[in-house]
Structure formats: C-alpha cells, structure tokens
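Next, two complexes with subunit A in common: one pairs it with subunit B, the other with subunit C.
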Partner chain A sequence: MEAKFSANAKDVMGKRGLKEADIADVVASAESSNRKLSKNGTNLAKKRIGEVTMYAVYDNNGEVQSAYSHRMVLGEPVKTTDEPDISEWTCVHCNEKAIISSANMSYLGVTRTGPALVCPKCGDVWIEEYLATMTIAAAEGLFEKKKA
Partner chain B sequence: MSELIGETESLCPECLKVIPAKKIAENDNVYLEKTCPEHGSYKVLIWRGVADYKNLSSYAPVPSKPGKVAVKKEDIVCPLDCGLCEEHRQHTCLVVLEVTNDCNLKCPICFASANERYHFNPTMDEIRKMYQTAIDHVDDPICVQLSGGEPTIRDDLPEIVRMGKEMGISFIEVNTNGYRLANDIEYLRKLKEAGVDSLYFSFDGLTDDVYMKTCGRNMLDFKLKAIENCREVDMGVTLVTIVSPDINQDQIGDLIKFAKKNIPTVKGIHFQPLSYFGRFPIIPKDENRTVLPDLLKEIERQTKGELTVDNFIPTSCTNVHCDVKSMSVLMEDGSLFPLTHRAMGPPKDTCCIATKTRQEISDLWRYIDEGMDGQEGGEGTWADFIQRARTNYLTISSMPFQDVWNVETERLKGCCIHTVTPDGRLIPFCLFNINSVHGKTLYRHEILEKYATKG
Partner chain C sequence: MGYEELFPPYNMEWHGRATKRFANPFVGEKFERIDVDPIMLSHAAVACGYTIRDFYEKPELGYSCLVYMYQLYDLLPVGHWFYASPWLAELGCKMVQKDTLPPIPDSTPVETLEDVDKLEVPSEEDLRKGTTYPQYQRLYEYVQKNYPHTFVPISYGFDPVGEAAALCGVENFIMWTFTEQDAAHKLLDKFTQTAINGAYCTAKDYGSAMLVVASVLANNDIFSDEAIREFSVKYMRQYIDKSFRGGAGPQIFYHCCGNQETSYKEFHNLIWSPFTVIHFGYKGKDVFPSELLVKEFGNRATCMGTVDTKLLINPNPKAVYDQASKQVIAGRDAPRGFILGAACECPPYTLPANILAMTQAATDHGTYGKW
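Up next is the complex of A and B:
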C-alpha cells in the first residue's frame, strides 16, 4: 500500500520535523508484517528508524491522518495486579484487544514507566499520540534542552 | 617537550600594553606565554589536560555578531577600543549593571575594589540610561544582573528593579553578599515584590575561617540567615563560591551537599575560581590557581563520583574554555541524577546560542508545564520524574574570570557577559575589571570615576 498524506498530516509532520519518506516506510512495513493496531477503520503503526520511533495514524486506503515520534526506547510492559482496562484498539497480528497498561521507557540512561497500549498476547507496546507529544516530549526536552 | 597549539594576544601585567601571546602545551598542561618588550616574559598555567583542551573546540559556538555595536571606527585595537565593536563574536546573554561601588563590607578579596578611591552611586536617570543601553543593544529576552559594590546598600533598589521591569527587562537578578538580607527580611520581601527573579549570592564556605580570608570577618551566621529568609519569602538563590587552593578548595563536596539540602530555595552553585583582579591578596603563582579541569576533578573526587568531570559541558555560549555547566535532578533517595554528559556530544546547533541561553530557563519550565498538563504522576513514572525535575534540580556551573596574567583577546571576543557602562557601552566583564599590578584598569575606574559622586 502506497501511503498518501492528508493536508492535516502534512501540516503536523512539518511542525514535528517528520519526513514523508519515513512515515511511508512505517506504513509499508506495518502492512507487510501485519503488525499494527486498528480501530474503526483507523490503523496505528510504528517503526524504529535510526534513533527515533515513528508512528503513523492512517486509514484503510493508506491515507495518513497524523504522525508522531519519540526518541525513548520502549521496554517491557509492566504487569499490574489491577484488572486491565480494555482499549478500543485491536492488535491485528494477534486479533486481541490491546489493554491500557504501562511499560518501561528508557532515555539516556534513565528508565521510568509511562502509560502505553499493550497487546496482552504478544506484549508489543505502543505509545499514544497525546503521551508522545506531551509527557514524553517534555522528558526528552529536559535532556535535550540541557545540551544547548 | 613543548608544542605550540595556538596564538593570541594578551596584556602586559605591568603596563597593560597589548602583546602577542602563545599557547604552549607542555607536560600535559597548557600555558600562556607572552613577552613585553619593556617588562619581560610571563608564563601562566591556563589548563590541565592538552587533549581535553583541544577536544572542547567541538563545542565552539558559531560566531555571531551583536546586532548593534557602540564602537564604530577604523583600525580597532582589541581590547583597548571596546564597547562592543564589529569584531566581537557573540551577543550579550547577561548584562551586568553596577548600581554602586560602595559596600557594607570591606573584603580583602573584591573584583570591584569596592569602597576605594571614589563613590559611584548613579542616579535613577543614569540607571535608566544604562537599562536603555541594554535594550538598544540586546535582543529580547534581556537578562540583567544588578551588581556593585553591594546593591542592597541602596534603599531605592526595589525602585531600580521596578523601573527595569517596566522598561521591559525580562529577568533581573541581584548580586549580593546577603548581609542586609539576613538582617532585614522586609527589605528582601520588597525586592521580591519589585520583581527580583533570583539572587546571585556569594557563599564561600561552611566555616568561619573561610570568611575570615574572603571577607575579613565571620560571616557564616549571616549567610545561613539570609538563605533562611530567602526560603521564607520564596526567593531563588544561586550560591556563588570563590574557589582557591589557599582558601576553601577542600569544601567543594560539602558545599554541594549543603546546596542539595537547600533545594529548591538554592537553585544552583556557581564556582568562581579566584581571579586576580580588583583587590586580591597576592601576586598569583600557578599553584594559587584553580583552572577549570582542577575544579571538575575536585568535584568528582569530593562528591565520590556522584558528579563526574564528564557531567560538565561548556555552555557553548561564550568561549569553550571560559565556562562549564551541569544540571541534575535530585532523586527521591537524595542522590543527584545528572542530565548533562559529554557522551551526548556537543549541541547539534551552536548558532544563536546567546539567544537560546537567554530563553532557556523560562522556556524549559513553561514547556514542561504545558507537557504536564493533565498528566497523572505516580512513583517511578516519567510524569513524576518531570515533576521532580521542575522543582528539585541543581545547576552547578563555573566561569573562571580572566585576569591580566591569563587574559586572551580570543576569549574576550567570544564573551557573552557584558558590563553596561554609564557612557553607553557594553564591555566584557573580565575586560571591564582587569587591572595591572599597579591597580590601573582599562575601563572600570577610568569610566566610573567620571560619574563619581563626592562624599
């Protein structure tokens, strides 16, 4: 599937410094491996490219609606004793509903947890857009900013 | 075995003539060598670790001219025609504005030679002009340090602060010995209300013998009381600590411990290796100097590796051999978690660093505030880490000033900390203060004496 980009996606990607070629790569990889989340005709795919994990939110025609990224490295999901909250997303590979859980995330030697979507079967972890662009971006910024 | 690794210019300590200088690497040290045709040769230690000295050049900022300079003429001789001029290679990130040269102490060590010769106490109108010079020459946001002398001897300091804020200065800190602030919390409260953003507070050690050497009297009780008062009125403090092997170099680790205990009132420690300008007790030999690598090794040794040499990076604002900085988050267990490390490499973009430095602090926290909007924390989460970082952080920095022995025009040209003068100029702080062994300055007394008041 060839990725296309909505006007909104282009705008957002410009602001976030993401390249169309990379996001198209994310979509193509997810479509060939079937490793993605899906809900009501919307797909969420991710791929680690270089030092960055990139995400594409796209419809079944391959039109990208939004894209985002984070530099943190995702680790293992963290098991909790609480009854998990079921999300609206389905892990397409396992045909399992993803749960709203938490996972380890590491950046420049610090590992902490943060909320994440987790497939209870394969254990794959996704970070949602709000988190990647808010808390995670702030944490990354804290490190990055201090370099300047 | 010695190797020539750089050439620059310097000053003759006797006559202040501009003379050529060579940087020589020898026994893993870097020396500045210079000869005055009249007064002979000088050789002074400027760095330990030749590879380190060279490697730091990867942190060098992209040269950037100030938008507007006060001195425009042909055949400029640096650093004698300063003000700044078009040869200058960095913007101003901090403007030092002296509101008096009087002081309530008379310390044996004083870069400003306060309480000597004449009284400089500019009028509100003269201070307004100096603020205006800053506004005319520096882009927003403008950061000003009110200095002296001792600024808090002026009862009208709150009005001076208010005037600066009204004129559009973004950030105002007050450089102080804290003596009045320890005794007069109401005055401190007035400064806070007038808009002082933080204090740059001289704090040389944790025992009275240190203050006997730096201030000529016991000061520790006043220093501690001043910090207590700052906590009371919620005024942030940067501790400014002179460092000298002859005075307090063995207290570095304890000072960092003290700072940690006083977070968040104490925001940082600025280590200020003793520079030999103004009033100082001796003509320095190499063993009387703490060069930057000495300081960092002592920090590593005395904190038992909690902070290492590699946690300190040049700010890439001024010359790379002028300063270092680290930033750490105070963790739940009381340990420091450093956010800075040389392994991260130099900043990707060293262009316009002065603007970024001015923006940095206010921006970072606003950014994090927005990032945290509506986020739930909890122990061990990133949200919690950010919350800690917001209030429980400690900045440790250092900028050894240049004196007449080790001054390099190359470093002066890259300087970003400038004293504003009543005659409408901005002059690198070190250059403003440098004096010959006979006490003659190029700028400080020559300028301020013209504006002196009688009495």
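Up next is the complex of A and C:
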C-alpha cells in the first residue's frame, strides 16, 4: 500500500516537522508486517526512525489523515490493574483489543512510566496522538529543562 | 506597594541549589539530599506574622510568605497556593472565609435528587467569569511578575468525593452511595467535569497545567475498597484522562489522604505520567509506611513518604526526627525517587523545630552518597 497525503495531512506534518518519506515508510512497514492498530477503518502505525518514533494515522486506502511523533523510547508495558479499560483500537497482528494502560518510556537516560495503549497479547505499546503531541511532548521538554 | 515588598529579595543562589535538588527524583540525579515538602499552606503566613485568614483572603500575600519560608526551611524552589474546595462557588456553594480555616462552603446547593439533575456544569467560559479561576489568574499574573522562577501553573481537581459531598452534604452523599448511586455518580461526574474545564483553562492560558487530585473523604474509615474504586479512583482517572486530552499535565500529584489501609491497592489503576508523585497519608492509625508505598508504587511514580501531621504540632522534634528518619531510610532507594512529606497539609501552627527535624532527617539519612 502506498501512502497518500491530503493537503490537510501535509499541513499537519509540516507544522510538526515530519517528512512525507518517513511517514510513507511508517505505513509501508506496518502494512508489510501487519503490526498496526485498527479502529473503524482507521489504522495507526508506528516506526522508530532515527531518534524519533513516528506515527501515521491512515485509512484502508493509504490516505494519511494525521501524523505525529515523540522522542521518548517506548519500553515494556507496566501492568496496573487486573481490570483495565478496553480501548476502541484492535491490534491487527494479534486480533486483540488494545487496553488503556501504562508503559515505561525513556528519554535522556531516564526511564519513567507513562500512559499508553498496550496489546495484552504481544505487549506492543502505542502512544495516542493527543498524548504524544501534548502530555508526552511537554514531559520531554521538562526532562530537557531539568537535565540542563 | 505589593506584598513582595514586605520581603527581602528572593535568594537566587538558594533557588539554584533547590531547583537542582528538586529535579533529583524526576531525572534520576543525586544532588545533595532527599527533598522535603511538608505541604505548607497557611503555616507560611502564620510564620511571617500574618493570619490563616490572610493566607486565603490574600493569595498574593500567601504566596509571598510561602516562597520566603521555603528558603528558611530549605524546602522547594516552586510555590503553590490552594485550598481544598475549588470550583464549588461556580457550582452554587456560598464560600465563606474563616479565621482559622481555609474557605469553606456555607450552603449545600443540592438538597434533592432533582437538584442533582438540575445542576449545570460550568463551561470554560463560565469558569473564566467565576470565582476560582479568576483568582488563580490574578495570582499567577502576580507570581509571573514577582517570582517567575517559582512559577508552575497548577490546576486543582482536588477530592472529587469530598467536593461532591460538599455540594449535597456529607451525610447525604454517603447515604446516596448506598441508596441513590446514580445520583452520587452524577454529582461526582459534574464536579469532575467542572474541574476538567478548569484544567483546560489553565492549560490554554499557561501552556501546561500540573494536576492535583486527591482521595480524602474516600478512605477506609468511611468507604470500602470497592466503593473507593467506584466513587473515587474512577473519577480521579477521568479527571486526568480528560485533562490530558485538553493539554493539561504532564505533572500529576496524587494525594491519597486519610486511612487507606487496604484501599491503597485500588490506586494502582490510576493514570501515570513521567512526572507523577503519589502520596498516602495513613494505614489504619499509623502513618503510611514508606516500605509499602515504594513496594507498591515505586516502579511507576515518585513516592512521597509521610510524617504524621499530628506530630508537627507536638513540642517533640525528636519524635518527628525519628519518624522522618525511618521513612527516609525506607524510601530513599525508590526507583523513581522519593520526597519526604507530611501526611496532609502541615498544620498552620506547626512548630518550626519540627520542620527542621524533617529536613535534618533528610540530610542525615537522605544525603546521596552517604548510604
């Protein structure tokens, strides 16, 4: 599947400093490996490229709706409860509903726990767009400030 | 003349050290010692010769007292000013100032089940025209102008169960958790949504908002573990989840006060951010043990251990020192860092010697490289 970019998606990516080639790579990798989340015809794919984890939100035709990134390196899931809330996303690889949970994440040599979507079967970890672009971005900034 | 002119210049050399020390638990550094945060509010005003009422009636004065006293006690490089009943004025409570207490609601706008349905959640716009948020706007403007290096934008969700109970009366609310659970949930939801709207205002105006949310009335002296899960943890989660969606965070302070003897396990299901501090008051009649706090929560948050607030007004600094030392020794190796606190707000008439005993314990047993 080849990624296609609407003007709106290009605008968002431009503001977030993301390159089309990288996001196309994210989509291609997810489609070839079947490692992605899916929700009502929308897919969420991710790939670590250089020092950044990049995400693509795209439909089943490869039309990219949004893209975002974070610098934190995602680690293992952290189990918080026996009765987690279930998200609307499904891990396509495992055909399991992702749970709203926590995961370790590392930045500048520091590992802390943050909110994440987790596949309960394969343990893959994902950060949703609102978290990556606000909470996690602010946390990265705080790490940089406190480490300075 | 502004209140800041009543105080000598803020000591920036001390501030630099305190800032470096305060970063320890969050970025894994080991500068000086374990930090101490006795959750100081009106004690700062009292220690500067003002009154409890002054602290709450004049937030700018209260804040000035606080950041000055932090230097004396060698505490934190950031300030906070709050009281435990935010947003109630906007939900219809008449708030009154008291000589010896923070502002308290003097009325219960929700008397019947119909009143619960009629209660409207104030929008962000409503909050901007209300009492609570404009008070913070004025204070934050003052802090940014006079103490900018101490400024952290904070929004308070506080104790959803306690605030819901304040709206309808504590006895009413507790009864409803058994007999009218839908009404109890609606009231909790309406208070929580109001606090979320407050967090949105703060995040929009200041770019971020540290979130403070608590479980105080919801403790094992009153509620079962199941009830704490259903009526407290659920709304603490909702507050954080929705506030994050509006750009608030990433800092979170979870204050689980009162007796959380067995209910502490329920709080595992909270939402964790990379800058989360979790704090428990008591386990039964005893101060919550730091060993247990670190064992249960140390791998996901910075742990705030406690000294019994009752000790802080007793003329026995040795007792404070002994308990603080025990807590520091038990908590100092917490993987995400440790802060020594008091079980709840340090009382207004806390004896200065007792705060010194806390920092002395942190120095003697929590200086990095000495254990």
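One rule holds for everything that comes next: the second predicted complex is superposed on the first by the 141 of 148 C-alpha atoms of A that agree within 3 Å, B and C clash if a C-alpha of one lies under 4 Å from a C-alpha of the other, contacts with A are read in each partner's own complex, and residues count from 1 in each chain.
By our rule, contacts are C-beta pairs under 8 Å (C-beta built on N, C-alpha and C of every residue); 3 or more make two chains touch, one makes a residue touch a chain.
The structure presented is a predicted model; accordingly, all values stated were derived computationally and were not measured.
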Practice task
Could you say whether A:E83 touches subunit B, subunit C, both of them, or neither, answering first, second, both or neither?
Solution key: second
Problem - Contacts of A:T113 with subunit B and subunit C, given as first, second, both or neither - result: both
Fill in the blank from the handout: Max touched-residue count on subunit A (subunit B vs subunit C) belongs to chain C
Practice task
May I ask you to decide whether A:N95 touches subunit B, subunit C, both, or neither, giving the answer as first, second, both or neither?
Solution key: neither
Practice task
Mind sorting out which residues of subunit A both subunit B and subunit C touch, each in its own complex?
Solution key: 102, 105, 108, 110, 112-114, 134-136, 138-139, 142-143, 146-147
Handout entry: subunit A partner contacts - residues on subunit B that touch it in the complex
Key = 313, 316, 327, 337, 339-341, 344-349, 353, 356-357, 360, 363-364, 367-368, 370-373, 375, 380-386, 389
Handout entry: subunit C contact footprint on subunit A (complex, rising order)
Key = 72, 78, 80-81, 83-84, 102, 105, 107-110, 112-115, 130-131, 134-136, 138-139, 142-143, 146-147
Fill in the blank from the handout: Listed in rising order, subunit C residues that touch subunit A in their complex are 23, 26-28, 207-208, 244-245, 247, 249-251, 268-276, 299-301, 336
Completion exercise
subunit B partner, complex, touching residues on subunit A are 102, 105, 108, 110, 112-114, 134-139, 141-143, 145-148
